[in-house]
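The following pair of complexes shares a single chain, subunit A, combined with subunit B in the former and subunit C in the latter.
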Partner chain A sequence: MATYQYLIDYFNEAPLLIQLAWAVSCILFTAIVILTLYLKLIRATLRKKDIETARFRKDYESTLIEYLYSSSEDGNINDQQIAIIEKLNVSVHIKSKRKIIISILYNLMNEVSGEMSDSIKTLYFKTGLYDYALARLENKNWYIIAKGIGELTRFKIEEAHDLVEPFIKHPRHEVRKETQLYMVNMFRFKGLSFLDELKTPLSEWAQVQLLETLQKFDDQQICDIKPWLKSSNETVILFALKLAKMYNQFEVKDTLMELLSHPIKKIRVRVIEVLTSLYGIEAKEMLKANFNDLSLEEQISFFGLLEKLVVPSDEPFIEKHLFHKNFEIQLLALKILKSINIDKFMGLSKSTKSRGNKKIIQFVTNT
Partner chain B sequence: MTRKKIVLAEDNSTLSLLLKFRLEKEGYELFMAQDGREALDLIEKESPDLILTDIMMPFVSGLEVISHVRLKLDSDTPVIVFSSAGQEEMVIKAFNLGANDFMGKPFSPNELIIRVKRLLN
Partner chain C sequence: MDTSTVKIILQILHYLFFGYAFTAITSYIILSVISGKETIEYLKKNSFVNYKDILSSTMSPSITIIAPAYNESLNVVENVRSLLSNHYVNYNVIIINDGSTDSSLEKLIEAYDLEKIDFIINHKIKTQSLRAGVFKSKNPAFEKLMVVDKKNGGKADALNMGLNISKSKYVACIDVDCLLLENALQKMIKPFLEETSAKVIATGGVIRIANSCIIRGGKLIDVNLPKALLVQSQILEYLRAFLLGRMAWSRLNGLLVISGAFGIFDKEIAIAVGGYDTQTVGEDMEIIVRMRRYMEEKNEKYRVSYIPDPLCWTEAPDNYKIFISQRNRWTRGTIETLKKHRKIGFNRNYGSFGMLSYPYWLIFERLAPIIEVVGIIYFAILVILKEVRWEYALSFLMLAYIFSVLFSIIALYSEELTFHQYKKKGTGYKLVLLTALEPFVLHPFILYAAIKGNYDYYFNKKKKWGVMQRKGLTSS
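Entry: the complex of A and B
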């Protein structure tokens, strides 16, 4: 007691600054102790939750396997499967358990095909997970809707088409993107019908994802892309151009020729690139005649086309642009000349006019 | 009659369990590994008759597992690799390293059984 009294007296008699320092130290010490205990409690809770999740996961993995292997040959659900569905039905109402069940089902859905994949889909419906996904579509938060559509896509639920389709015009691009992916994943090229009326921009990333999805399918029978090439939406045209190139759409050449006079430069440049891959000979003469009216990017793109479709009669045109002010055109012109008339190309290195371009000529000679 | 041993290296626990159940039903003895490192330990310890391995796994990949079996252990144990979409180049590498067969995910477990039987008989 005397010791404590001594400490209290010491504190009371100490200068104000020392008293303040002690007070701050005590507060900090208490805060550290409380936070340490709190951290320990959180870690213990998380560890407990992790163990529970792992246990639950293991339990439901076995249940799922049991469900899949207990199916009868006629495809009907038997009593054993009904018991499993009932067991899962109870857990599905608890959010954390529902998440685990979805992740288990999805993990397996990705890895197996055929009857087993169909059985997983049936289980998704029967356990009520489908209803939970549909309920997400009615949520007022856009990210919940996007997640709901994503889940329906992953489980290949075509039945939700009518409920998902309206989101194609959702103000948030994340929701629109998920809806577009749903449509294409479920209905392949037919799912691209949303492009007919798409007014909002289709981002480059969304285009890449759609193309990647389309390439996954065995059936590569593409639909008519002409209406999209004539779309008033710039991004839809750009996407249709990618499709034309990827799926060798020779039948849209005439539409592509019309697009060479599109008011947007980016589209005109891409059209030349697509015509290059589709061997658009018709475009060559037209672009050659209007070469000086083209923008620099179009001129470069045209020389790319010429590199692939050049014939000996193009030589005078190439010669005219051997010393073009743009490096890329100069390089392409030299490469093309080398491919059609090697003697004339070799003669260039000796020519006095081409002395300034010696390094480029040297480079093309060695390539 | 001794049961034929199979080492299954797959990091997806649900798929592992599914295949274990199916293969055990067919009369094989299964040894499961959740990653390549565990698979290598099991292969050295159990000397299996067949190895089933995923290509992408933590710590040691399926390609490294094949390489270890063929080059370090100098074993000709049949190997079937599982690959996902977009891993075509990996599959070619796996064949170059000495894999005997491959199955692209998603696959049918029944088809796997047929391939396993073909390699083991």
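Entry: the complex of A and C
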């Protein structure tokens, strides 16, 4: 008691700065105690949650598999399935359990097809999971909306189209991307119609995901990509170029030729690459004539095109660039010469004095 | 000097020390708040991301993992196996055997069925020449692997050789003994592909400590808290630095360093700036500063990103000698980089890079140990002169200590709510206890190493990397 009184007196008589320091120390110490206790609680809760999740997952996995394999041949829901739906109906109201059920259903969805896939979709509707996903679309948080759209995409819920479509112009690019993926997953190439009016950039991340989605479909009948190649949105053009290459769009060659004079260098380089894959022989003479006006990247791309489309009459042009100051061009020029006139190529090592050039020639000779 | 002048000088010194400590603490608080916001934003953004498409897509950009190795024969075969087990489709691995004097190359040749191939290198960056040459595997299962045997030139030189050889758009520079999780590349590549308003020039990842963790077949099986207090303290230090520091700098686009243990770079920019500097021991920090400077001078919008997921695990020093050697090198690296790029500091032409990031590093990283030691010496003089006002000294020492403990607890709290890696029962107590002990078991040695680093920088110029002995992570 005396010590306590001494401390109180000491504190009261101490200068203001010291009083402040001790007061802050006490507050921080209290915070440490509270946070430590809270940390203990969090750790215990997380451990418990992990155990429960594992238990629920095991339980629901067997229930859901049972549901799928008890389907009757006529496609109608039988009593056993109704009982399972009723059991799940109770569980989906609890967020953590709902999350587990969705995750299991999604994994199953990836493993099955046809009737079983339809059966999962039916379950998705009957258990009320669909309503929860729709409720997410009305949430004020952008990431909840994105999650909702993602879920509808994974379960291939076309019925939600009218509710999802307006998000194509959402201010957050993450929500826009999820909406774009939804459209393409549901409506394949037709789903790409959002590109017609797209003013915002389409990230590389979104482009890769869209292309991957498109490749999953058996029907590879692509729509007209010309309008996108003419888009004022640079990223839409770049995406359309990827489509042109991936789906061998020979019919857009004329548009590609026009794009060779596009003001953006990145696009011009990609166009040459696409023309290379489409055997764009028409581009060769044009680019050859303007070779010196091209940027270095375009020149390298053009040599890539030449490597594929070279004919003996290109030899004089190739010869001019055999010792180009750019390594890639020099290497490609030597490779091309070797392929069209081996005798002339073999004679090069004798005529050149540069050690560096000899090394490259030696390398091309050996490969 | 009369007594009043001395008193005035002492008063000024008091206020300078107080002001410095106050500003440092305020900056830590501000940075931790920003980190918290950034972490929440990151978790929200990634709560619905489907990485599978990127993972399996051949349209995903190519990445080359460049891993320099010097006398790593003990674990090199296992480490390479770990690098080859990544789930990303479009990647390859280049191991640069940097003039090893042990049997690293022979072991790799044997384990991966390697054969020498004809290869021509475009020397965009000058490096030491090849020694035994370039090797590829005859076994298609290892088609992603290339081993380059060159004359010794140091880590930076080896990484430059990798930059010359890589044909990918992006390069992941990594220490060969690091354990990379299977999903590391797709997570790290995301910022490069997602950003549309600025060019992402580099992405850094969190480095986690793998001592005592169970690793089998190049995979992390179980995370354990090491027994050694030194290693435990480093875990806490890393959590603080990565979760409460770098996340904030990432949000402010002010990151000056990406750990040399794991980072992904835009190869074109890395080559355009001349690659890694072989004359510094802090090549990981230096290249980031140079890349940023290059982008600022070109007046192009850019970002250096940062991913907080625990993707890369490495072995931390478990004895004080190696620990001090490592921190000594880090200090010298910081001094060298800041000195080399001093033009940036407090220069408005470099925007927040020059007015915020550089000054912060200079004042609170570069000068901190010096100011601390000066403070200790000054305090000792006051003790000798019996001029210490103990009631002030004790109250402020207590405040500083309690703040440091609280700050570490917040880092733990942040870890539990995000990545929750140390799950085992009892680990929580140990970590909390560690927050109280760490200022005594780690900080004095960090301070000593930093001062030694300063001394070596100015008076022992010949000192380079120092020894970093590793025991290997292939435990089970």
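Methods note: the second predicted complex is superposed on the first by the 285 of 367 C-alpha atoms of A that agree within 3 Å, B and C clash if a C-alpha of one lies under 4 Å from a C-alpha of the other, contacts with A are read in each partner's own complex, and residues count from 1 in each chain.
Methods note: a contact is a pair of C-beta atoms (placed from the backbone, for glycine too) under 8 Å apart; a residue touches a chain by one contact, two chains touch by 3 or more.
Note that the structure is a prediction, hence the values are computed from the model and not measured.
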| item | value |
| --- | --- |
| Subunit B versus subunit C as contact partner of A:Thr30, first or second or both or neither | neither |
| Subunit B versus subunit C as contact partner of A:Ser277, first or second or both or neither | neither |
| Contacts of A:Asn89 with subunit B and subunit C, given as first, second, both or neither | neither |
| Touching partner for A:Gln220 - first (subunit B), second (subunit C), both, neither | neither |
| Partner chain(s) touched by A:Asn139 [first = subunit B, second = subunit C, both, neither] | neither |
| Partner chain(s) touched by A:Ile104 [first = subunit B, second = subunit C, both, neither] | first |
| Which of subunit B and subunit C A:Glu328 touches, first, second, both or neither | second |
| Between subunit B and subunit C, more extensive residue contact with subunit A | C |
| Those residues of subunit A which subunit B touches in one complex and subunit C touches in the other | none |
| Subunit A-facing residues of subunit C, complex | 44-45, 47-48, 50, 53-54, 56-57, 59-61, 118-120, 122, 124, 190, 192-197, 391-392, 395-396, 398-399, 402-403, 405-406, 409-410, 412-413, 416-417, 420, 423, 425, 428, 432 |
| Subunit B-touching residues of subunit A, taken from the complex the two chains share | 57-58, 61-62, 64-65, 68-69, 104, 107-117, 216 |
| Subunit B residues touching subunit A - in the complex, by the definition given at the top | 12-15, 17-18, 21-22, 25, 85, 105-110 |
| Interfacial residue positions of subunit A with respect to subunit C in the complex | 14-15, 17-18, 21-22, 24-25, 28-29, 31-32, 35-36, 38-40, 42-43, 46-47, 50, 141, 143, 146-147, 150, 173-174, 178, 201, 203-205, 207-209, 211-213, 235, 242, 246, 327-328, 331, 359-360, 363, 366-367 |
